[in-house]
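Here you go, one structure.
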């Protein structure tokens, strides 16, 4: 449910318009220097503000409430909380009877008998990724500086060039529409031997985390779906030296679920955000008839932009847990 | 590692050329009629024999060794084993020093200090999917006949038409090469409310299992990667009645990680099998220099054909566990 | 580590002298009315103040920071925090080099390389039982009013009578010494069929939780250790009607790890608190020689008094999780 | 349910009169020499035959069916099975309607809707401890020879002397009655730092496993229940040197849930076996009225004798898992 991991284990909580979003992380080795400042860089990458992102602007200041003593981790659970400040609940008061298309409004209401906090998606909000981002910072500390992440929103609505991306964002913004994208994360220096046989492979562990990020609808490693077009003789990555270096990297750095020392390559498909400003068809559960829904509030044109650091965090979490299990 | 699930929990074991492959399933409700005969249909779907599949032909007769009494499940662990008979270990004797490209030979040796059973991939063999297939049969019994699976190898090397697929298989067979493919699974009747918030979403649970199947390198739900090309106004699935039925199904039956009652759609990218008969470059770890490897033995031209039932089994296992958690 | 449970799953954090103690509870069914007021009764039972308890007097006001909306649980994680106010860290500054006998000072320092928060025992403090007590309140809500708990400190230093108990407490207080005791918890109305075969029996699940309470050194069910003095013909509980009612209850309401409908009876041995005011022998790790330690600060004479509600909470948590797994 | 452990993880299956009893162990490090012969010593300790044990005499020959290659463990799941041969099912045919007092017959039938395999207790049989004993052998290999176990049936029906124990066994045998006992296990050489804070303490992990052994009704560490009679000043274990050695050992080698380097001492109360030959009162669920039950078959007079090695195995399993988590 809301916890994940075998040794490096996170439990998260919170709602979009509740008191706070938080995460408690178990299994953090003792003795790692850590302060609130360490979170700034990644939180800034996730923060709204750039072109294509929401006008809701939480400061997102992390507060470490356990697990730190004299500036280093203690080995006890490390807990980080973010208070919610800039929530405008009134914007969401109709969602109970009129669920937003492609949102969790309907499924959450069914699952929880209508008791879910529907404001801003409640627990199903993208705001929960704050907790993932924070945990990712801790995970990277565990992995150490030799594990290097290079993550970007490689595609927006299918466009690779930043000029075209900028143009399509502007047009969608004007139209009150949203855009999908693909986040790509490349990881160097993770070494060989990470990953456990069968169910806890690198791919399984990472995909489990990645698909828990709202809006992720596809995950692929290495050549992924395009790799199915190749023949084995074109696809196979030949080992060229005793370190396991390969001449190509169609497998994205993972064989049999275990890292082979080459660059880990993962791509995540981020669907266009469901909250568009254009009127849409939905069903009025109070009236028992179809109705038009007009979403208001402040939303992202392209969440794939802000999702990049979250995808990176998920990969860091997966690798940190697998490293601690070795 | 080798166990998965919260309530419906599998533990599997075995090696390609060991004594047996087996799976013990915990959490099976008592009172379900079950016999060895129930496994025949799905095992036949996984079995070699058709065009494009290996000539190694295990009978794969399941033996239930616990959890059944008087023809029904007892509530105690249900254990199913398959003895290995038709293994020819001599075919694999060089893998220790000369790992096959894009196989787990190198990573397994690194991880297990050279103690892994390398014969036929050992524990990393596709033969382990026998256990998944068997567990899938039990999972479908738990889901009941109202949950209907429709699974096929939708693409082979990018071809959708069976004529073209047959042609490309024949050509790859002649060349001693292998082909990738995409398995698509559509599930009707699973109802609403399956899936748990955040980490144990339908997508996360299913992807975790799917990526543990050897050769799966990509997983997508609904419109998946193609969905990133759409705008929100095109992508969003409008609810059209009080049951939650939607006019389109880009989300593949899942919102916020929870089933919305529409068809669940999942696609898995299956890479071309690594075992090709063409000579390949690899590295001779004994001699410390590059060397040519020539794989012998009996192999599949297109494992995506036999993987279809395994993908279906993985989906059934994921849904059965989520159902039992409700 | 710091999380427990299969469906009703707690994660806790905090230190004696840190910012806060908290618990996040996953798997709480939606729709349960709950407010901060509901915690008052059990928190008061745990609170210091009575004869034999510490003079440190935290108000222990719970704050629900997630999982509640419009007065009922939402199905999302329920998180409860307690801020620390009345901590006097200066009292503990010598523990780093001079560990208190029978405390976790030495073992925590070894395990965490000296990075543990040693103040007041840090994460190993009895203050963590606040989180257990709070989770117990939620667990009892899930079990419903038909499950009735009757818990008491049955023995103090071997004495059953309250007059004698009062006398021995007074004498120990004067001497700066501490007393052990036995907490007994009797549970009616839990019904039949709770508990899972083999590892997740009622006894295993409950004992796991009970032994995580600091100072618990023994746990027994039904006749427990005394039951080993009986012959089978004296011990066996004869079933007397179709509900499973038995003529005796030596098994304490559990057979084969599963509740049989009779009163569940459990007893927990609570050792005398390690913090005594008398001078003791210990070892000065800075000087490398034996030294006398004189503990100051405010402590309990008999923690078994305050532990009663914690034992009850642990039992409620165990039963709630087992109930939700049925 | 039927699996346990975080890294060293067992899954067990089987029934008293089914095909086999088995255990699959995940997380066994690669490279440990292991053969069927290694199990002989501990299996012999568990085997019937001595005074006070059942006449049912299974050969209990272990068969390793996965996880071994060329005489050493491979890192893949290690699976060990025991076929059942000497079962006489006819002896048990009445248990369905007339449950044995203090057995799991009634609770298992309630829990599993009457579908449980009732023969000889089915999955609730003491025969399942074969799997624990085998897993214990593997656990001890992981711990290495420096961890030394000394385990005995310290008390039988309250008697400590072997002469008195022999006498009381003889008398119970003649009367068709059974006896309880206490198994004590002392472990040296486990070192410091084993055990995880809060829920996965040494005591919690060990007690979880110990209480899953059929007939265990009490567990205590160090001075345990008797320790509650002492004052803190008598109970506290003073540290006398820099290795953490203590002048007394009332805490049984564990502080704050973590080993302190001193002898780990644990005691388990084993109730008198429920199967006595004397006629007993029970309830005939078919007739709906009280009835006399007369158990036949071959049973143990004092299962505490055969339980000693099982208690030791449980402790070894707990410590091995905690060691692999460090």
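Labels A, B, C and D are assigned to the chains in the order they are written; within every chain, residues are numbered from 1.
In this section, contacts are C-beta pairs under 8 Å (C-beta built on N, C-alpha and C of every residue); 3 or more make two chains touch, one makes a residue touch a chain.
If you're wondering where the values come from, they're calculated on a predicted model, not measured in any experiment.
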Contact-richer chain pair [B-C vs C-D]: C-D
Interface copy of B-D among B-C, A-D or A-C, judged by whether over half of the contact pairs recur: A-C
Distance between the centres, which are taken as Cα means, of subunit C and subunit A, whole angstrom: 37
Centroid distance [mean C-alpha coordinates] between subunit C and subunit B, Å: 45
Between subunit C and subunit D, centroid-to-centroid distance (C-alpha), Å: 26
Where subunit D touches two or more other chains at once, by residue number: 1-3, 12, 75-76, 108, 111, 123, 197
In the complex, subunit B residues that touch subunit D: 1-3, 9, 11-15, 18-22, 24, 26-27, 30-31, 64-67, 69, 72-79, 81, 108, 111-113, 115-117, 119, 122-123
Complex interface listing, subunit C residues touching subunit D: 1-4, 12, 99, 101-104, 106-108, 110-111, 121, 123-124, 128, 155, 157-158, 172, 175, 177-182, 192-193, 195-201, 203-205, 207-212, 214, 216-225, 227-233, 235-242, 244, 246-247, 250-252, 254-260, 269-276, 278, 280-283, 285, 288, 290, 304
Subunit B to subunit C touching residues, read off their complex: 6-7, 75-76, 197, 325
